[in-house]
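Here the chain labels run A, B, C and D in written order, and each chain numbers its own residues starting at 1.
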Amino acid sequence: MTTFTASELMTVHAARLLRDGDVVFVGVGLPNLACNLARRTHAPNLVMIYEAGVIGARPSRLPLSIGDPTLVTRATSVCSMYDIFTLYLQRGNVDVGFLGGAQIDRFGNINATVIGDYNHPKVRLPGSGGSMEIAGWANRCYIITPHQKRRFPEKVDFATSAGFLNGRAAREASGVRGGGPQAVVTNLGFLEPDESGELVLTAVHPGVTVEEVQANTGWPLKAAANLRVTEPPGEEELRLLRELDPQNIYLK
Amino acid sequence: MTTFTASELMTVHAARLLRDGDVVFVGVGLPNLACNLARRTHAPNLVMIYEAGVIGARPSRLPLSIGDPTLVTRATSVCSMYDIFTLYLQRGNVDVGFLGGAQIDRFGNINATVIGDYNHPKVRLPGSGGSMEIAGWANRCYIITPHQKRRFPEKVDFATSAGFLNGRAAREASGVRGGGPQAVVTNLGFLEPDESGELVLTAVHPGVTVEEVQANTGWPLKAAANLRVTEPPGEEELRLLRELDPQNIYLK
Amino acid sequence: MSKLCTLKEAIAQHVHDGDCVYAAGFTHLIPFAAGHEIIRQGRKDLTLARATPDLIYDQMVAAGCAKKVIYSYIGNPGVGSLRIIRTELEAGRLEFEEYSHFGMISRLQAGAAGLPFMPMNQTAATALEQANPLYRRVTDPYSGREVVVVPALNPDVAIIHVQRCDERGNAHIWGILGEQKEAAFAAKRVILTAEEIVPEEVIRSDPNRTLIPEFVVSAVCHVPYCSHPSYTQGYYDRDNDFYLEWDKISETPESVQAWLQEWVYGITDREAYWQKVGAETHKRLSVPPLYAAPVNYGEY
Amino acid sequence: MSKLCTLKEAIAQHVHDGDCVYAAGFTHLIPFAAGHEIIRQGRKDLTLARATPDLIYDQMVAAGCAKKVIYSYIGNPGVGSLRIIRTELEAGRLEFEEYSHFGMISRLQAGAAGLPFMPMNQTAATALEQANPLYRRVTDPYSGREVVVVPALNPDVAIIHVQRCDERGNAHIWGILGEQKEAAFAAKRVILTAEEIVPEEVIRSDPNRTLIPEFVVSAVCHVPYCSHPSYTQGYYDRDNDFYLEWDKISETPESVQAWLQEWVYGITDREAYWQKVGAETHKRLSVPPLYAAPVNYGEY
């Protein structure tokens, strides 16, 4: 039987969410691996763009930072940071954004700023970077994260970037252009927003129980009526994925 | 005795107004010739910039339009039109602007838009182009124009770009950054703003009388107490100038 | 995915009666061939937006394509007036919206950036602001002072001429950039015309030179000499003689219609046009090469 | 007029205690050598503005140069946390102003453009907007909806590393552009550091590559390898090993001070630093050349 790590599992599932031709705002780490895997399988026309202003990257090695020069050499285009956030993201040219953070709450809001109070925090996190605008303006957003109770509180300490606020109506009232989070991919399964914007369990990976997911989630988690069991990573997917991270930096 | 045309006379005098190191927003025609003359005489470090987005042009032939490719080849920099109006002009990086128009009034306001009423004009002129912002934001502005009564009405039909409005106080109240028109160079002499912002006669060319200038001006023209007589174009200035327009396109 | 097609196909598919068209190019890279194809296909009621309408819009107005112009300078660059547009405006037969260059390009920048408006500092001149109700004011919340604003312009279609692009529409542009990038991002559809269609590898060898990416482009057309009588930096010179000649041609409706008949309606495409222009003019407008210093991106 | 001087002279003349400094470079072209020289010269009470403080500001904060940071992402890129800045912020010993990347770059764009503020569309997230009173709102006069605005940032001095420039300060930049151009135009003074000082003719051979013109530049310094452990596209690679190592060094104040002693205070300039880095690292970070396709401007 094929074995794989939790990171491999999440990355393969994230890759499958991408569509051929998607323009994706990528970060380093698992999202970068997911995009490169998708490009080598079902989405050869995927366009990867980076907040550093790189469009259509073709990295020949694993990029170790968002500004790795391998993202520039052989890219389609490089523009200023101001242009990437205006002409590309704000204008609506980005189909998919990947997001991450220390906390994701019941309505898909993300905290990347502080644990505790803003002015007297227990922990000061790195901050928004590009994520506030990606969460607002990319057509679809995906979150890849390990499933742990402390990462899934009922309410984030600080809403660095918007999911559905306290419900879809609130997000829509803000007039923001993007569709918000479409799925959270974890090592246990998938959370997706329901009609109200609340994240509900829509799929579990093989062998995972609903109770196990609930035990690792900080709010009373609803399970979808048509709860799916996911298709495990295939041999070919894993082979291609491991080629992308030969030193096992992100996939371990 | 050296002879010269009215255009040569005005161009030589305009060139003398430029200082070494000035960054000048240039148009084609006489301002371009004046700048190139200044660069070959007393202002070798003059930087010529064009609204087409060209900085530090070194034209090897007489440019026949503002977008002539000879302005680009060997230039220091080329940027977008948005950048030239923001980073260069609005930011305050332009020392001198040259302006022209169909009418210049008592307070140095310029009309480049319509003769008559805006919506039912007798004549529709080309319009502002870059001049509204040049007049507002260049540190110093100069106007080169033949001296004719119809070109110097008491009040312009339409104030495309601002001189001193109805007096210096009005311009200052607008908070605009540029210093406004510093001199109007004509074939008869110089008009310069007094403390109130009104254009007064400060110099006449040799052989020109105050009465002659008044007869060609549409308002009761004040003459400065210390009215000067200008120094005629020198042989070397004329020789260099004529080299710049060998086919006599602008200087005739 | 290749977007290559003929200019005839691109205009037929992407330019419709009543559209707002931005044929970009500030004094450089003006897509004359596309303007002529629009005339041949008999488009009507277009809103023609351009900072400088130049001869291309004078010709399109003469051919009856336009209902309105949006502009900041209506002149024949380096020559004088645009007689046809001016006459139509003075006669009240053509609608118009007028800006300064900065107002015009700020409208495109807002449209390209996905913003509802762009702010501009006051210029002290207020006549045009009062004449055009789309100029508005907003209070700077930091100083309490007012700035002037213009709304986003998002043309239905932009037509952009470039030196070279790949068949997907990733385009290298150099020389005067004007509003090429802003128009491409602001428009709903983009037709690229190119002097050369090059392999993707040429584009990817110099990503900083790529101002327009494939995914804002609808159609890619290989149209050498597209810009004549304007020019393409590094490819051919501006034909100033024609700019002077147009000043005479445009003196009477008869000579304009005769010119359109001979050079637009009577011609199938730009290749036929360029052959008709003739060898003497080809030679007069040819330019010796002068290359940029090498740039090393590094094999990372 | 040549503005060539040593980096030591440039920092002495243009960076003063209490200044707001923008050492530019979004993940690329980070002017580490200039940060080290500021540390050596013992500057105090600086406001350090950068979208991503990166190791350079962690080191400057460790050396006691800073009273405040303005930032949008405080991380060790690709590694994790910036331990020193984070500790100082959590302890309340360092003032700060926080934005998103777009808010930060919009502040610089407004500063560069000579505008009092820049508008941004709402993101639905309002927590940071409420936490930082310099975020404000303005009503779009066309739709009646609100946009979020940030005020212009005009640093006292920007430090910009470039691949090549002439001795007057006209600079070619390629690869990731980040906020190099915006910082240069926004700042009151600009110190350029360059991998190569080239003749004016090299710059003028490719004017579209020139992002910074001489007349916004105060000083030009020839500083090869200025960006190590970051990189300069086409010249050397990023030293990821050092980024990982810093994560360990910065675990204790003692190891940080020892590192500063050995690599900053104990070193005269970047040349000495680069020699000390050693041949093995030079080799590891070297990059085979890969050139851009030729570009023909034409001999007009």
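Simple rule for what comes next: a residue touches a chain if its C-beta (ideal position, glycine included) is under 8 Å from a C-beta of that chain, and two chains touch if they have at least 3 such contacts.
Please read all numbers here as calculations on a predicted model, not as lab measurements.
Chains that touch both chain B and chain D: C. Chain centre most remote from that of chain B: A (centre = mean of CA atoms).
Should one ask which of A-D and A-C has more C-beta pairs in contact, the pair is A-D.
Chain centres here are Cα averages; for chain C and chain D they lie 37 Å apart. Mean C-alpha positions place chain A and chain D at a centre distance of 28 Å. Taking each chain's centre as the average of its CA atoms, chain A and chain B sit 57 Å apart. Centroids of chain A and chain C (each the mean of its C-alpha atoms) stand 40 Å apart. Annotation for chain B: residues 54, 68-69, 72-73, 78-79, 90, 137, 177 touch two or more other chains.
Multi-chain contact residues, meaning those touching two or more other chains, occur in chain D at positions 114-115, 120-121, 145, 174-175, 177, 181, 205, 208, 233, 237, 287, 290, 297-300.
You'll find the chains touch as A-C, A-D, B-C, B-D, C-D.
Chain C contributes residues 26-28, 51-52, 71-75, 77-78, 81-82, 86, 89-90, 92, 98-103, 105-106, 108-109, 120-128, 131, 145, 174-182, 230-231, 233, 237-238, 240, 243, 287, 290 to its touches with chain B in the complex. Every residue of chain A that touches chain C in the complex is listed here, in rising order: 21, 23, 45, 47, 54-56, 58, 60-61, 68-70, 72-79, 86-87, 90-93, 137, 177. Chain contact summary for the complex, chain C toward chain D: residues 114-121, 136-143, 145, 147, 149, 151, 172, 174-175, 177, 198, 202, 205-206, 208-209, 233-235, 237, 287-300. On the side of chain B, the complex with chain C involves touching residues 28, 51-54, 64-69, 71-73, 78-82, 85, 89-90, 109, 113, 118-121, 123-124, 126-133, 135-137, 158-162, 165, 170-171, 174-177.
Across the interface of their complex, chain B is touched by residues 1, 112-115, 170, 181, 185, 203-205, 207-208, 210-211, 213-216, 297-300 of chain D.
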